[in-house]
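Two complexes follow with chain A in common, the first pairing it with chain B and the second with chain C.
The block that comes next holds the complex of A and B.
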């Protein structure tokens, strides 16, 4: 019998086996992309008249200092983990979710709505209720493009983009006319009940001040990475979503309803985007603040792309982007000419390089790590 | 004159072309034949600059040329028409033809002048195509003419045609051959890649036979015959002949098809009121020229066709399954080995373990906890069992399906479907693009399954395969059953006539 021993003996496999080229082979391109972005960005810093080394030292130093740098970096990374995961799940199902922005808006408002409406409930009841509101609202808003695609064949890129506008307008309306404190000049709802507040991490970590808004949502985000991994690779639903994304005709052949998978993938994607509402409303502002999202939904696309559509990759990509947001603020303030737009430039170049991976495969293809595994 | 000299090309570990020498004389129709995977398309793509050879050289009229990209080939008067057309559907014929070689300036496309040129060109060759028609509205045969015109418009003197007749109906093939002869009379050179012997004999002046990446024969068509070419091509006189005992334990009727029709979106019947039975313990073969409704028939039987396109009745045992979906049919014991393993049969990016459960991924042993969680160790054992029983190599369940050769991919699919212990097996082109060892293996397995009492419906484009495997043969022509023949008594010629003429 010709049978590889590995097939029978090893009961579990490496979580990285879903990377076709092995971990290092997959990491090499994102790393090159990031490095290349910093080089190009450095040239731009030089052109506008600042010292690139100093600027980068400032960027990284402010993002990685203890406790503020790391605290804020992880705080900024939290929503990006959720939106990165959201884009990832849709992408694995063969769908491009450009609507995470709208999904997280609707979800954040729904979270605040639950927290305001049932403010008098105890934490044990209110907190799960608010969680549910965030996840459900995101899932429903995400499922709509899924249903439209399954039933009418409408392209999800178009419908998700359109629904972003609808979401922002709808949430704005309810905030302005129904949930704003009378006389408040700011577009924000009233406060949610105290039972729905999520503790800041400063309460658990000695030497980590509570003024830093990093809260338990970050831990939830880590758990979400794990759950998404298990969902995609350890459940039949995940299998069906991935099969549909990988080859819809083969999925159909395997008795999988690809219409159902479109809806399911978009609903799960929306739910993950919706969890941004947990960080924002329950962990940070304790209310819905109109316009809170700094394009988290769109940056999530970049995060998923840089993270190679793998939960672990998304986690690291989100942290990198969190670092850049944090560092960008300091670069803006403490250099003569460079503004925080540098961060956008860096992000843009990173994405450009990741997307242009095929270009690299040519000249570098002789390198062992860059070759596609062939048996 | 085009000459390939000592061309070698490797794809990974596969030697696609091994010191290939081909000489095409000007003003002739030159056929390159060989089985799927023999390396004929690779050689011609190298000549057209689609691939670059690892070693060897290309000579045009005696001088060595560097052809690094198709534009180099086009500049030297070489054109190529691919098996899958490269046309822009919503654009007109004229727009498609000038695409990339627009006669006008950046602002004025010059399609009107092009139209006149195209009319003249098509008039000269009897290639009747309206330059102003939209490509999407044309038949496949007409689209192919557009592809020809596209190459001729670029002043191609030598045309390479990759399996040009695969998509044509028999009548269109005749017209197409007339066009090729007309081109030869005008002094053009034609290279036609095919695996159909009858076409080689009908149209070509010279033949190059390829097998396993090598040239194994160069012949003048007049001095050869089908038997010799077939032997050169496959080097196995009786390979597709299977020694099998006659069906012994013929059981009850398993599949009963009555007046089954499948309509395409344009309303044309691809399968037209077809009725037949398959009994337990027999193999019923469907012979026919590809594109005569076999694909649609199998998709209708397996539950993959859109329900609204199917009419008639399909019964499995005494159950009407006409409206059942693919999963419900699988659960009733219908297994399906699809004709296109890359398109339907496999998830190429998934590993072998994951591929081994496609279709049964939601039930034991793959899933537990109410069919929600995947049981990874059980899936790996399941895959390892199939891999062992069907000798899939390399035997490593963690490899992506993409990494396997065609034959091993097919063995994995066959193993997976056999593992369902089906009462009815739908199998289409089971040995297409599969190496010789795997062909015999798959044939033996099919007969063994029959002898266990499974009803088997076999579709194959290879007459030899259908007649030697099947207990009964139905010939399909333009979506209809043109007749039933006894595979032991009928000659290839009789079946061939039914296949091409329908009576």
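The block that comes next holds the complex of A and C.
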């Protein structure tokens, strides 16, 4: 409010003016959407016969308790940061990557493949190899729709969706018939070499038990946010991707090869999605487990949307979704009537409200904060 | 103040005011620490699969209330427990679900289905003071009870019944996921059928090789129809939710003179009432008995880790007879099955266990 008044009395002089307009304008709709979703969700909880306040306390309390709550929330957020960034990069390049799910499957399997095939190498050789496998596999699987679009004009929404099915089936086949321990009833590969395990954060943080699977991948995810930001806004390639995304004709007129940019954006997007394999295989299960992805690729779309296609937004959105995944399990278990479907409903409403931003924008269009934010 | 800030304040008010009052709320009876807390994590099929998970749900419900989930008495006393259950829905939620119970200090955590065995093992290592039970899986940890069943013995009996009932001399077997556990059903079924008709033909199909194979009634129906097309007139399903597709298939085959032409044999729970008149019998796996027993053990402080085997002798497996199928099975077939049952219990007939090495 103070900020508000000062800005009003001396609009040009306030040092916070630009900051508040930009950041607040960006944050306000996602925040309203989340709050509104919780209000609607609360009504639903009432309808099914539970206490909404208790339910939300359970949801948030279990998601933010130390150490298990925080640990698992961040652990669940990690793959969503990667997939959110993946969708973001493609989106900035004017492409809709629905194929993060397939890209992360192929990458996770490739990671496990490298970890199994070269199991005897030392950690110094094996770890980079596994990283490379994850990133390259994701990038290649992502680049395919990019090439198809650049070369033949096939729509990336169709090709990425279809490649998801191919990826899941292909990986399932190799897991079942070539990389499974004989007689194992569970669809999973054998274990990767010990050198490829990456440390859990419990090793570095006192009082944080190592049984919580939060691992260094989370740190990598934070670094990835920074790198994506630098890549998109500080490099020529990033500039060209954004230019292609915002106006392909103008970009081409300006001398940018938009075909090259399509392939590049999709490859980077796929590589980011592929990094989920690092968290899953090297940091958590130490093997490829068929069906490990709880729709991370698709949730990534929602994360990017809620994060307004900005790396920082993606980070926060992924954490919010991580909280809901973690809390959803407790809501499911420890309330009488509410199941974790409530959390799916909440996510759905959040997305609906973010997408239907005009719903909020309309009545408040005259407000100062919103005039200048062009999103 | 403009409309926008007003709106924001209203939203905040709605959210924050009730949140403050909630702090004084009393804890409900579910948190009563004197009672034994039991958490159960179902398999992908969910507790309404009318089959394996449903049997486990019936067992814990009986322990909690002394009644079956439908409300009639289960013939056993209620055990004064606090019961919470989770249906994970996808394989990634199983471990977090189990850990949720463990973090809350539950006394007994039950994992349903072989796929949860490695997960139970991991979680049980982290919480050595909590009792765990795994249905259909084996663990050697000192705080895990492994509840396993001699499915081959029960399958032998329904195989015998199938062979006696079949008019074409061809019977079908519809498995869910192609794994050792289900081969055990298949082998016993085949042996039982051959014991009364050495020339019988058994057509067998599996729905798939992944977890999804338990939850694909559409494909189950397709496979059952294909078996019917090849002449099979009795089909034994061991496919969780997918098996319900075979029920649709035999119903579609229809009736002649009021009697169904093709029959299905249910599995795990008594499924005779799912499609009355079309279900010859069900190979019941008394997961409910096993689960009730383990809850009772914990309540009485007599929990024992290790393998608990439930065969014909322990009333752990069997075939179901009720008002829905009493007219479908010939009395001499029932006599023959009872006879075989006695011989198996006495050790005069040994049924091959496909999982034994």
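Going forward, the second predicted complex is superposed on the first by the 350 of 375 C-alpha atoms of A that agree within 3 Å, B and C clash if a C-alpha of one lies under 4 Å from a C-alpha of the other, contacts with A are read in each partner's own complex, and residues count from 1 in each chain.
Assume a contact is a pair of C-beta atoms (placed from the backbone, for glycine too) under 8 Å apart; a residue touches a chain by one contact, two chains touch by 3 or more.
In this text the structure is predicted, and so the values were computed from the model without any measurement.
*Asks:* Quick one: classify A:234 as touching chain B (first), chain C (second), both or neither.
*Replies:* Touch status of A:234: first partner only.
*Asks:* On the A-aligned overlay, A:136 touches which partner chain: chain B = first, chain C = second, or both, or neither?
*Replies:* In the superposition, A:136 contacts neither chain B nor chain C.
*Asks:* Determine, under the contact definition given at the top, whether A:53 touches first (chain B), second (chain C), both, or neither.
*Replies:* So A:53 only meets chain C here.
*Asks:* Quick one: is A:246 in contact with chain B, with chain C, with both, or with neither? Answer first, second, both or neither.
*Replies:* first
*Asks:* For A:119, decide between first (touching chain B), second (touching chain C), both and neither.
*Replies:* A:119: touches no partner chain.
*Asks:* For chain A, which residues belong to both interfaces, chain B and chain C?
*Replies:* Common interface on chain A, chain B vs chain C: 4.
*Asks:* What residues of chain C sit close enough to touch chain A in their complex?
*Replies:* Residues in contact with chain A: 2-5, 7-8, 11-12, 14-15, 18-19, 21-22, 25, 30, 39, 84-87, 89-93, 96-97, 99-101, 103-104, 114-115, 118, 126, 177, 179-181, 209-212.
*Asks:* Which residues of chain A touch chain C in their complex?
*Replies:* Against chain C, the touching part of chain A is residues 4, 32, 35-36, 38-39, 51-54, 56-57, 62, 68, 72, 172, 176, 183, 185-187, 211, 289-294, 326, 329-330, 332-334, 339-340, 363-364, 366-367, 369-370.
*Asks:* Would you pull the chain B residues touching chain A in the complex into a rising list?
*Replies:* 12-13, 302, 304, 325-328, 330, 336, 338, 343-351, 354, 357-359, 361-362, 366-367, 371-374, 376-377, 380-381, 383-384, 387-388, 391, 393-400, 403-404
*Asks:* Flag every residue of chain A that touches chain B in the complex, lowest number first.
*Replies:* Interface residues on the chain A side: 1-4, 6-8, 11-13, 17, 20, 233-240, 242-243, 246-247, 249-257, 373-375.
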